[in-house]
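In what follows, chain A forms one complex with chain B and a second complex with chain C.
After this line comes the complex of A and B, so read on.
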């Protein structure tokens, strides 16, 4: 017996739009999200303690999304963390009040994206944070990443984070972008399709130039120095394939580093449920294979938003609506929706171009593996250096599962979500295989760390019905 | 790193909590990871592998670097709102 017609995983722009659309056509809908409120990362609800800051377009969009979702009649399970699923579909989560299992014949996975990381010596020091994490600190908490910050990596988040730090009164010691200037120019066609977003990016750039922030293109961090935290950062040039070249290094004093190399679709759920995936570098890497209605190879399993391929926040709601129409058609409810679906699909493809161009810009070329030094910690959870992983690869490890089995890389509490791409890059560098050939990690429950007590609930050994021993 | 990294804006009530015995303040509802980071308490534990200091990295429940102990239970500081009287221990 199903609890709902549809379960949506993720209450960001894609998941919320999917739920609202499905509700408007009469389906019963549950939405599950890890965060305390809907909005996802991009429209993350500000901390309730942060009562008044400057008006912010993202905040307003988030408030509108939360209001519409609340009014839709979809049931939102906030603060719930999905840790396992079975086909058919059962969704198993942990919430503030304990375990939750929900069943539905249709599932839309709108799990968003996670950040891609290329490790650098010193990136485990306190004060080195992800670029995406920096947006959480700045937007949701009103906290600066540091007093004097190096913002490094690739992709549009570099400019966003640097400009937010400057706007909040912090100092950006340098922006360090591995992509050459020409990378942005090569994507200009897609960017010109969205003059509004171009203007947003140009505004960030202008604010940085005005604050005299040095912007190093075609450069990367070589070492982050410090004892108890970040004290300085050494940067140096990289070639077009992102390999460090030459000894034109410079060392910059800084107390924090924001680091990230674009976004990866979060595909744990579709992998766990056995859906087929394809490698699409323009969409951030491995994505679920889908039909025109965004249904995966598993009947009833749909995807939307950045988890279906990183296309950005503007495209996300359209993909959510498209997936919702797909679910309704499959359930045989809602009449003829083909014309509406075609229109939404057209708008979705148009609005995807900009986000996909940004995603491609952040994508590391194969040579980027040369940025990782032998002594650099790659797997933070298990404390594994590149040298240890390279040794395992030299000894025959050819897949991420091989590396996991032989070194424990990816077996720690993060589940390989921080180090997985770097480990795949190392296999690629040693074998000459491209990223598609190296393949994906397997997904296994628990998808998130789960306290055993949260699963067992009020279970107590004393409650076990043990019969009294027979008299001797 | 000295000083408070919070951007001057209007905040609701201030609450206090303990981290390894030290009395610290937070804005009510702020996550523990943000409150500790903003006050310069960036080292949350020492790595078992290289004994190096570690602190919050992703701030969104992915990396598990900010795990602390509350009432004997391992908890991600970035997913824990601070409330008055919260007692937090680092994980050794």
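After this line comes the complex of A and C, so read on.
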């Protein structure tokens, strides 16, 4: 017995658009999100304590999204953490009122993206946060990462985060971008397709130049110094393959570092449900294989937004609507939607070009593994250095599962979300295999750590369904 | 013409690797062919419990030998002899416990019954609702995820060739040799051992054998690191719980609760409706687990045949082909029964009798 026609996982721009579209065509829809309010990362709602912050364009878009979703009649389960799913589909979550299981014949996964981390020496010091994490601090909490911040890594989030820090009155000691200047130029064609977004990026850049923020292209952090927190950062040049080259180092005083290397599609749910995936570097890495309606290889399982391939916030709502039309067609509801779907698909492909170009710009080439020093911690949960992982690879580990088995890399609370890409880069560096050959990590429940008592709830021992004992 | 091996083993788990090592020690030129990576199947994903209290009576002599081999492997496989306690929480379970443990004791396992007060002394953090319990000082655990790395070293040491990520798609016979077709070329050997766990049925079919092999889908869960709660291996009278806390503080919870999926589908899934009672049983036995966060639950295939005894011996009707699998308690017994199989292939009389697959097989086509 289904609770809804459709369950949407994620209430960001893609998930909200999918829910609104499906509702407008008569489906019953539930939307589940971990956050207290809809909006996702890009339109994250400010904490209620922050009513005094200046409204900006993203804030206004987020408020409009929240209002439209609320008016649509979709049921929003905010503050709910999905920890398991089964095909068909059952979605198992834990919320403020305890466990929740919802069932529906269709599922749209709009789970967004996660950050790609490349460990550098000192990245485990307090004061080092991810670029995406920094946007949460700035948007939801109005908090600066530090007084004097180095913003480093790759991709468009560098300029976004740095300009937001400047706008909020903070000091950016340096922007350090591993991609060479020419990397941006190579993508200019795709960027010109979206002059409005180009202008947005140029605006960020202008704000940084006005604030006299030094921007180092073709450079990367070599060491983050400090004892109890960040005190300084040493940077140095990298070659076109992002290998550190030369000794032209400089050390910059700073008390915080925002560090990230682009976004990966969050594919835990589609992997858990056994959907096929393929490797698309232009879209951030492994993406679910989909048909024109964004249906995966698992019937009834659709994807939308950055989780289907990192294409950015402007493309996300279009993919959400496209997936919603796919769901409706599959359920045989809503008449002839082919023309509308074709139009949305055309718009979506157009708006995807910019985001995909940005995504490609952030993508580390294979040489980037050379940024990770032997003594640098790669797996933070288990305290494993690159040297330890390299030793396991030299002893025969060839997959992420092998590495996990022999070293426990990825067995901690992060479940491999923080260390997985770096570990895959190390396997690639040792074997010469490309990222596609190294393969994907397996996804297993719980999708996020869950306290045992939250899963088990209250129960009576005598009611446990104990099967017959094993043969004697 | 490719090299001719004396023995090709299909399956790089504990059973196949142990047999290959023994054959190579006996002078055979041996190769292990594995569709994934060494120890990536049941050998590597089981809960690692080494408990005589959950072994079948008839398999007890093999399990005791298996314990000795794991103990000898020691640190390389994360071996810990902690002793184990099996718990009964009501009268029905107490009767079951008494009846079963008496027979296992007769079979040679040093199992004794202990009082609930003694349980509380040994493990103060266990539930106080224990009505009966048994203790075996030989019990403990090892780290199953190290199986692949451990056997890789042993295989390298005795000079066995290892071919991983190599599925065998067909088996032909030509000129007295088996020819294994793989995506990367043909492997030729005069003898063949199928030791591919849940995939035994499919591999047997390549030889024209109809093996009555089915697969159970066992579930295991692990928590993040937490404060020390228990030091021994904890079990339940029904066998439906195994629980141990590793030195790093993480707690491993198993017991054979069934997930979904099959070897034919190529994967298996945790079933939340069986995971729930599995975790509840663990919580009931060790109430202090409530604050521990579960970080991962997973499943693995455990192959079996209708009588739940091993397939271990010559393949019926096919000269120089052998079968090894479906060993209930295969993690514990595997290193030993694999060695016995190696002896059989070398033409030696095994120290303990094997389990003739001929008791099931009716269709043996001479390939």
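Note that in this section the second predicted complex is superposed on the first by the 458 of 472 C-alpha atoms of A that agree within 3 Å, B and C clash if a C-alpha of one lies under 4 Å from a C-alpha of the other, contacts with A are read in each partner's own complex, and residues count from 1 in each chain.
In the analysis below, contacts are C-beta pairs under 8 Å (C-beta built on N, C-alpha and C of every residue); 3 or more make two chains touch, one makes a residue touch a chain.
Predicted model only: the values in this text are computed from it and were never measured.
Chemist: Could you look at A:444 and tell me whether it touches chain B, chain C, both or neither (first, second, both, neither)?
Modeler: second
Chemist: Report for A:126: first if it touches chain B alone, second if chain C alone, otherwise both or neither.
Modeler: A:126: touches chain B, not chain C.
Chemist: Which partner chains sit in contact with A:383 here, chain B, chain C, both or neither? Use first/second/both/neither.
Modeler: Once the two structures are laid over each other on A, A:383 reaches chain B alone.
Chemist: State whether A:114 touches chain B only (first), chain C only (second), both chains, or neither.
Modeler: It touches chain B, and chain C stays clear.
Chemist: Have a look at where A:459 lands relative to chain B and chain C in the superposition and call it first, second, both or neither.
Modeler: second
Chemist: In the superposed arrangement, what residues of chain A touch both chain B and chain C?
Modeler: Residues common to the chain A contacts of chain C and of chain B are 412-413, 449, 451, 453, listed in rising order.
Chemist: Which of the residues in chain A end up touching chain C in this complex?
Modeler: 84, 86, 90, 92, 272, 274, 392, 395-399, 401-402, 404-406, 408, 411-413, 415, 442, 444-446, 449-453, 455-456, 459, 461-462, 464-467, 469-472
Chemist: Where on chain C is chain A touching in the complex?
Modeler: Going through chain C, the ones touching chain A are 37-40, 44, 54, 56-57, 89-90, 96, 100, 103, 129, 145-146, 148-149, 152-153, 164-165, 222-224, 237-240, 250, 256, 260, 267, 269-272, 275-277, 279-284, 289-298, 308, 328.
Chemist: Okay, in this complex, where on chain A does chain B touch?
Modeler: Going through chain A, the ones touching chain B are 34, 36, 41, 47-53, 81, 114-115, 124-130, 132-134, 136-138, 140-147, 168-169, 228-229, 255, 377, 380-384, 412-414, 417-418, 448-449, 451, 453.
Chemist: Spell out the residues on chain B that touch chain A in their complex, using ranges where they run on.
Modeler: 1, 3, 5-7, 9-13, 27-31, 34, 37-38, 42-44, 47-50, 52-65, 67, 73-74, 78-79, 81
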